[in-house]
Amino acid sequence: MRRRHNETQGARDVAVTGSGGALSRMISLDLAVNAIVAGLLLGGFYAAVTVGVTISFGMLDIVNIAHPAFIMLGSFVAYILNSNFAIDPILIGVAMTPVFFLVGMAVYQIYYYAFERRGEESIQGLAFFFGLLFVAEVALILVFGVDYRFVEAPYIGPSLHFGFVDLPLRMLIPFLVSLLMLAVLQVFLGRTFIGRAILAVSQDRLALQLMAANPSRVKRIAFGISIATASVAGALLIIIQPVEPSIGRDYIGRIFAICVLGGMTSFPGMLAGAILIGVVESITATFYGPSWAPAIAFGFLLLTLAVRPAGILGR
Amino acid sequence: MGAARFWIVSFVVSLAFLVLTRWGISNEYYFFAAYQVLQFIVLATAWNILGGYTGYTNFGTGAFFAVGAYTAVVLHKTTALPIPVMMLAGGVISGIVGFGMGYLTLRLKGVFFAIATLALAIVAQTLIVNWDYVGGSRGIYVIRPQYAPISGSYIQYLYSLMLALTWISVAIARTIERSTLGLGFNAIRDDEQAAEAAGVPTLRLKLISTTLSGALMGMSGAPLPYYVTYLDPASSFNLSYAVNSVAMPLIGGMTSWIGPVIGAVLLGTIQQLATVTISSALNLLIVGVLLIVFVVIAPNGIVGLVQSRRRARRR
Amino acid sequence: MTGAPLLEAGGVGKRFGGFVALESIDITVAAGERLGLIGPNGSGKSTLVNCLSGTLHHDSGSIVFDGRPIDGVPAYQRTRLGIARSFQLPKPFRSLSLIDNLRIPLLYTVNARHGAHLAGPAIQERCRGLLADVGLADKAYHLPRDLTQVEMRKLELARAVASAPRLLFADEAMAGLSPSEVEEILAVLFRLNDAGITIVLIEHIMRAVMSFSTRLVVLVAGQKIADGSPQEAIRNPEVERAYLGE
């Protein structure tokens, strides 16, 4: 049995930056403001992590619990190329999207033939993705070990200062990239033929068949896109915090919590959910200690699911 | 074979197995390994009562297992109870958690339930990480009593207890399978509304299923502190318990009590061999890959393969 | 033919969010009756059946079965009291053989009632009898996926009847069937009624409803607009306008 050391390191990093280095737990104004600002930035990044699941789970009804594994893959691709060729991690993340897109299409193809076509999507389909998550994680451990890896870029380190508010660039840049990606996807879904077809699939499969489009082809493309976002999200993740293979699973609950909170299918709802979780986690980490942060998203998820399965912000 | 007969026959088989192994094997290692395999049989059988019979996927096996283990830790620190009593206590506490999880089924069907169980596991882990009395995230050392209450070494004692629990779990599963209760579980798995309309008190049955499943998992976790002598949250809540307890019934076959047993013996043995000969990370990779391969190619597991071959021969 | 009221519902209302699915429906079913419940798509027929049989909970009004209020009584309890239903889309227990499909209501309903406990062989015999009644005896050990559509409807009815009900809601038991198959199902329903089971038939096929029902209730947009003998009901101008007359 493998033991995970220091699993809350990521959250602690965020807390440290969020509190401007002050580890005091005293409730003071600048601490609170910094925690909220850090939470906002973190939430924006969470949106990048979640958008893929909003597409696959929310719109296509495919419960891809292996999404965090693809994000890890994205992080490690960024790590390899950055450490060997000193390429900018964000550039890598964007440049690798076609590869991830193809991988996503291939995974959907297997899923389609093995489960969707047979109409056996329930336990077996879920177990398929669960297995995928696990295999990806273990494979990464076999190759890279359990050490934390990080990337180097000019914006990792410096911060902008506005009065007592700190804006660390390694949080700000991912935040902006994430919003940009959301905007691009939103435009793509609304303005292009294939994008509208994806939205149609999410609403009514029959309607799409009447449009004479092939739903499984549309879903394959959409699933490819959802995995492609993991390339970018993975690059952003390794900018924000050092990464080791098993931190991916900390994101399972977070991702689904945000997706459900945001009402499953809407990007703006999802962004609001992401920022809510980010801010609450950041405040918790600052004032109660980072070891409580992982439970926040899950606590929210349990509450949301129990009280209002349709999501707090959606429908 | 009637239920009473099965209890007797399986008891005799277990007893014979116990005597043979205790008499014929002197190498301590084999008892360590056999304990693991038996523990997996209990976990897989317990998981299958809820997942296979009743149709609710639980990804939180690790939580129930660890709750049992930590119950034992608390009792170890406060009392000097014998381990069988601790197992009962662990079963009661995990059973209560399972009962609570059963109420989630009121609101959550299918994947939402599965995701909620994942969330439940992380919340439970966070609570333990922050509970210093049981060692927090650092973990805790548990000193074994010098002598086992029965003849033989301490590990042989633990092995005997796990064998007894295995016998009880398998006999319970077999009894349920052939009973009115089991038929009611199957009805819920196939269609909850139709089950209710046929007079099945679905909520009560689901609560029985989650409680029983959780209690057995907790019982199998209670001896863990004495087995490992060092317990920490990262290893006791390890996701590998969830993956194994999902993979074993799926690979063996979920519709019959023998499925999880076959799956657990097969995967458990492979993992023991792989741990010794290759590496412990690789054995988890094997589990994951086998899980994926089986759900894609043989969704009804080994038992399903045998059944369909038999059916084909009859035609 | 008809006797004292078996089921009396007063002011039953149900809304989904802002959408009013049922608006204060009064409906009475007399013992032994064959009641037809008709209405256009989305008029609330299935919602009404769901509320009366306990699959959904009504928001307002009261339901009395056999002199006993059953508001808030869960569906499985209502089945045990004697209210059975079939589903519009057949919901067989897919992984169980036909005979096990019928065993469930026998074990959980008939055996749960006072004074009636069937042993294993008696249950087996009863299941076989029920399957023979709907012409499925030779498929007792098949899985539901081996059945044709009409056979699936028959299984759905047989499972409802297996709970030995006093009142049966047959929700679109004939949708999608050919005329001769409709006749088969109608024959089964007539036989059940002769055996003393009160039947509420929810149906689109007018010919079937007209030949089966002794009384018709018409729902339109969640409101009851007619209640009376079949001839009277369909001559009602409101019904003609809203339902038949386009």
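Going in written order, the chains are labelled A, B and C, and every chain counts its residues from 1.
Operating definition for what follows: a residue touches a chain if its C-beta (ideal position, glycine included) is under 8 Å from a C-beta of that chain, and two chains touch if they have at least 3 such contacts.
The shown structure was predicted, so the numbers you read here are calculated from the model rather than taken from an experiment.
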{"item": "Shortest chain-hopping distance from subunit B out to subunit C", "value": "1"}
{"item": "Farthest chain relative to subunit B (centres taken as mean CA coordinates)", "value": "C"}
{"item": "Chain nearest the global centroid, as defined over all protein CA atoms shown", "value": "B"}
{"item": "Cα-centroid distance, subunit B relative to subunit C, in whole angstrom", "value": "42"}
{"item": "CA centroid of subunit A to CA centroid of subunit B, Å", "value": "32"}
{"item": "Gap in Å, rounded to a whole number, between the CA centres of subunit C and subunit A", "value": "48"}
{"item": "Shared interface positions of subunit B, touching two or more other chains", "value": "none"}
{"item": "Parts of subunit B lying in touch with subunit C, wherever the complex brings them together", "value": "180, 183-184, 186-187, 189-191, 193-203, 255"}
{"item": "Contact set on subunit C toward subunit B in their complex", "value": "53-55, 74-76, 79-80, 84-85, 87, 91-96, 100, 103-105, 107-109, 111-112, 159-160, 162-163"}
{"item": "Residues of subunit B touching subunit A in the complex", "value": "51, 55, 57, 59, 104, 107-108, 110-112, 114-116, 118-120, 122-123, 125-127, 129-130, 137, 232, 234-235, 238-240, 242-243, 246-247, 250, 254, 279-282, 284-285, 287-289, 291-292, 295-297, 299"}
{"item": "Subunit B partner contacts - residues on subunit A that touch it in the complex", "value": "1-5, 7-8, 63, 65, 110, 114-115, 118, 120, 122-128, 130-132, 134-135, 138-139, 141-142, 249-250, 252-253, 256-257, 260, 289, 291-292, 294-295, 298-299, 301-302, 305-306, 309"}
